[in-house]
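You will see chain A twice below: alongside chain B first, and alongside chain C after that.
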Partner chain A sequence: MSYHFNFAPILAQWPLLLSGIGLGLLLALVSIAIGSLLGLVVAFATRAPSRWLASLAFAWISILRNLPILVIVLFLFFGMPQLGLSLDKITSFIVALSLYTSAYMAEVFRAGLLSVPPGLIEAGQAIGLTRSRIQRDIVLPIMFRNALPAFGNNFVSLFKDTSLAATIAVPELTYYARKINSETFRVIEVWLVASLLYIVCCYAITLILRALEKRLVLEAN
Partner chain B sequence: MQWDYFFDQVISHRDALLQGTAVTIGVSLSAIVAGTLLGIAIGVAVTYGIKPLRWPARVYIDIIRGTPVLVLVLATFYISSAVGLDLGAFQAGVLALTLFCASHVGEILRGALQALPRGQIEAGRAIGLTFAGIFRHILFPQALRYALPTWITAAVEMVKASTLLSVIGVAELLLTTQQIISNNFLNMQFYLLAGLIYFLIDFAIEQVGRYVGRRLDRPARRTT
Partner chain C sequence: MTPIVEVRALHKRFGELEVLKGIDLVVNEGDVVSIIGSSGSGKTTLLRCLNLLEEFHQGEVRIGGESIGYRQRNGQRVRASEREIAGQRAMTGMVFQAFNLFPHMSALDNVTLGLTRVRGMSRRQAVELADHWLERVGMLERRDHRPAQLSGGQQQRVAIARAIAMNPRVMLFDEATSALDPERVGEVLETIRSLAQEGMTMVLVTHEMRFARDVSDKVVFMDGGRIAEQGPPATLFSTPESPRLQAFLKTSSL
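Presenting the complex of A and B:
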């Protein structure tokens, strides 16, 4: 193998790469926020007394989880304008990612809801709490705590999925990596640096969330 | 909406769509099979391996799982040609998906193997089995049962990830759909159709997984 490494052309583009990863993190944060809210609604809907609403919620989860995210992204960006709904690429990507992650978050919250011991809800009823206070003060806090590890995994996956924004020319890290790749032909270096940046970010996110988990568990004790 | 036109177009492009679906299934299946075999080796190395085996396996899992699949696909495609490995888009894509699948299977298997009580290995040794025998007859069958649901999820993920090969020009279902769209501009309808086909493939995998899972569960229930 006669390949001579030269990282200088990539390091010259360092600010671009950093702005790319910043945009990726931002996309992931906005999408996880919207997706979690939506997922919470869907999770409660799966346990709704109305069977119609519950099956709708299960269908939502099953359909979105079994679709490739790239198809959702392309459908929203290229297909929706046909129905008169034109979104710019960043908004449309956020909508796609939020919908996609809402299905995963709904599953996480649903599992969290199932893990709330029924005895605690009965205890709430016994001391005369209203239904909404039982949900707010007993069910939700326990559910969130149980959901936190899975939430962290989803957030890391979601962050990695922001790389797909490159396919509709949103200037995040993968987009710049491809651009630098074709401009400088420093093929190995650019992909090494890009993967390394992703790995470091994923690792940092994991560490932060793990620290958060530890604090919440301590609080419970 | 021009639905009549759409149905005409589906019928006139049916061969291309079937071909694309076949490529998607072929790519996913090869990556799942090769990735699972490699993943089993990695999972065993990371759980029971001696240090010089365990560390590389651990690093492999962490690196591949920390990288987005799209980056993996692009990197494999461009780097393989830069180092003079003459892989086509198809081979590079399958290689990338295989590496990705192996890291997930390795991690799944590690989780399943570590959930098994240590005493079983000692019991196996006590009755004179070699490690290979212990793994084949005691650990692996049980780990398989633990790992099956997550493995099915990983298989579904592989089919979904195969769409990324469209970016490097492998004519699987998504790229075929995009080519058809560039002729007739029926963006929404054809992306919906592609979504439906992907959903059906993934849903089928899920159902098969559930069926096999129930079959595997049966003897366990009988004995407990």
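Presenting the complex of A and C:
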């Protein structure tokens, strides 16, 4: 059997594919920004003196981590309007992805907080820094640096998860690939091109974040 | 002689375990006081009570005449506010066994942090003062290095500069050389010795008996949460009275 590859009809659609990648990156960026902020709050809440608040934070983490991302996406997009809250599909997807990633980022930040040696906090106390100063000048900067590698991994997997937005017709890369697929019937070519674009993007993100890590992460002492 | 540190009838418990069983101690201005004793005798805990890193349950600690950590309110003993405690801690400077430099900051920024945030200096004033103290401990050329780029001895000298630049009433050293490689101990002891000679008031918890004997005005021997014996080093080391101190000195190299 011989198969004749023909990429021309797919490559002719490059503006669509590029805009799909662009939207995917944007969705991932916005979601990780919101998810990180939310995750930071949740991470601190797990260490709150109030047991009630800490339990709530742990519940948040374990519920969201045990839900498939696709279920959250579909629930928000199709379920919420029934409860009187309709969001457009892009907003709805960003909310779903942000909630989902907040649980993972909360775990990343929680581990980052635990990795700050107590001796450094004591050193801050010993020179007379107040508790909030110690958080801002010592705990947070060290936590962020320690969390950076895990943050990068989350960002890459979050970018890949944006392909799920195709299920609610958000026009990102997978959505366009499917569209081109049904218009051209070049099944193998279209998914090859889409795969390649995902791989290149993920790899580029990884390289950028590695360079950032190299500058910021603290060498072992 | 002005007393800088006054400890009266200090008691401290960890749960059921009483680790300080009534400590009385006075450190006068310019004095160098070494606290010795076996591990578990309470010497580090006592030192940490002096800057409120440990809470205590009875008794009083005064630094520069001010009673720290607790106040009487309607006849009740209550912990002072967070802000008050931070201010009281800044009256002392502490050097830790594990150095505890902030790993995300240069040596210089380690020293300036307290100067700008606690002492309210401008960045420029702080850098000037930090440079002065970094030079004093022989670390000026490496002021832009991160802690991870410095040896243990260098880190500890930066930590000394960080503490002393705050102009504390008393410097507290918690086994400052115990985590160092043997060949690095000397440089840190030399730094401490020269500060002592300049009249800095100091309390040292140490296992360096020879050093304690050489630099101290007073040596305090702790045993089982009490001060078992104290006095000038010459007398304490040559004619120890208590059998516990005699036994302790026999096992430690002098």
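Simple rule for what comes next: the second predicted complex is superposed on the first by the 216 of 221 C-alpha atoms of A that agree within 3 Å, B and C clash if a C-alpha of one lies under 4 Å from a C-alpha of the other, contacts with A are read in each partner's own complex, and residues count from 1 in each chain.
By definition in this document, a contact is a pair of C-beta atoms (placed from the backbone, for glycine too) under 8 Å apart; a residue touches a chain by one contact, two chains touch by 3 or more.
Note that the coordinates shown come from a computational prediction; the quantities given were computed from them, not determined experimentally.
**Q** Chain A residues in contact: does chain B have more, or chain C?
**A** B
**Q** One more residue to check, A:Lys179. First (chain B), second (chain C), both or neither?
**A** Neither chain B nor chain C is touched by A:Lys179.
**Q** Touching A:Glu122, do we find chain B (first), chain C (second), both, or neither?
**A** second
**Q** Look at A:Lys89 in the shared chain and tell me whether it touches chain B only, chain C only, both, or neither; answer first, second, both or neither.
**A** neither
**Q** Check the residue A:Asp137 against both partner chains and state whether it touches chain B (first), chain C (second), both, or neither.
**A** second
**Q** Who does A:Phe75 touch here: chain B (first), chain C (second), both, or neither?
**A** first
**Q** Intersection of chain A residues contacting chain B with those contacting chain C?
**A** On chain A, the chain B and chain C contacts do not overlap at all.
**Q** Can you name the residues of chain A that touch chain C in the complex?
**A** The touching residues are 117, 119-120, 122-131, 133, 137-138, 141-142, 145, 218-221.
**Q** Mind listing the chain B positions that touch chain A in their complex?
**A** Within the complex, chain B contacts chain A at residues 1, 62-63, 65-72, 74-75, 78-79, 81-84, 156, 159-164, 166-167, 174, 178, 181, 187-189, 191-192, 194-195, 198-199, 202-203, 206.
**Q** Can you tell me which positions in chain A touch chain B when the two form their complex?
**A** 1, 3, 62-63, 65-72, 74-75, 78-83, 160-164, 166-167, 174, 177-178, 181, 185, 187-188, 191, 194-195, 198-199, 202-203
**Q** Can you tell me which positions in chain C touch chain A when the two form their complex?
**A** 51-53, 82-83, 86-87, 89-90, 92-94, 96, 98, 100-104, 113-114, 117-118, 146-149, 159, 162-163, 166
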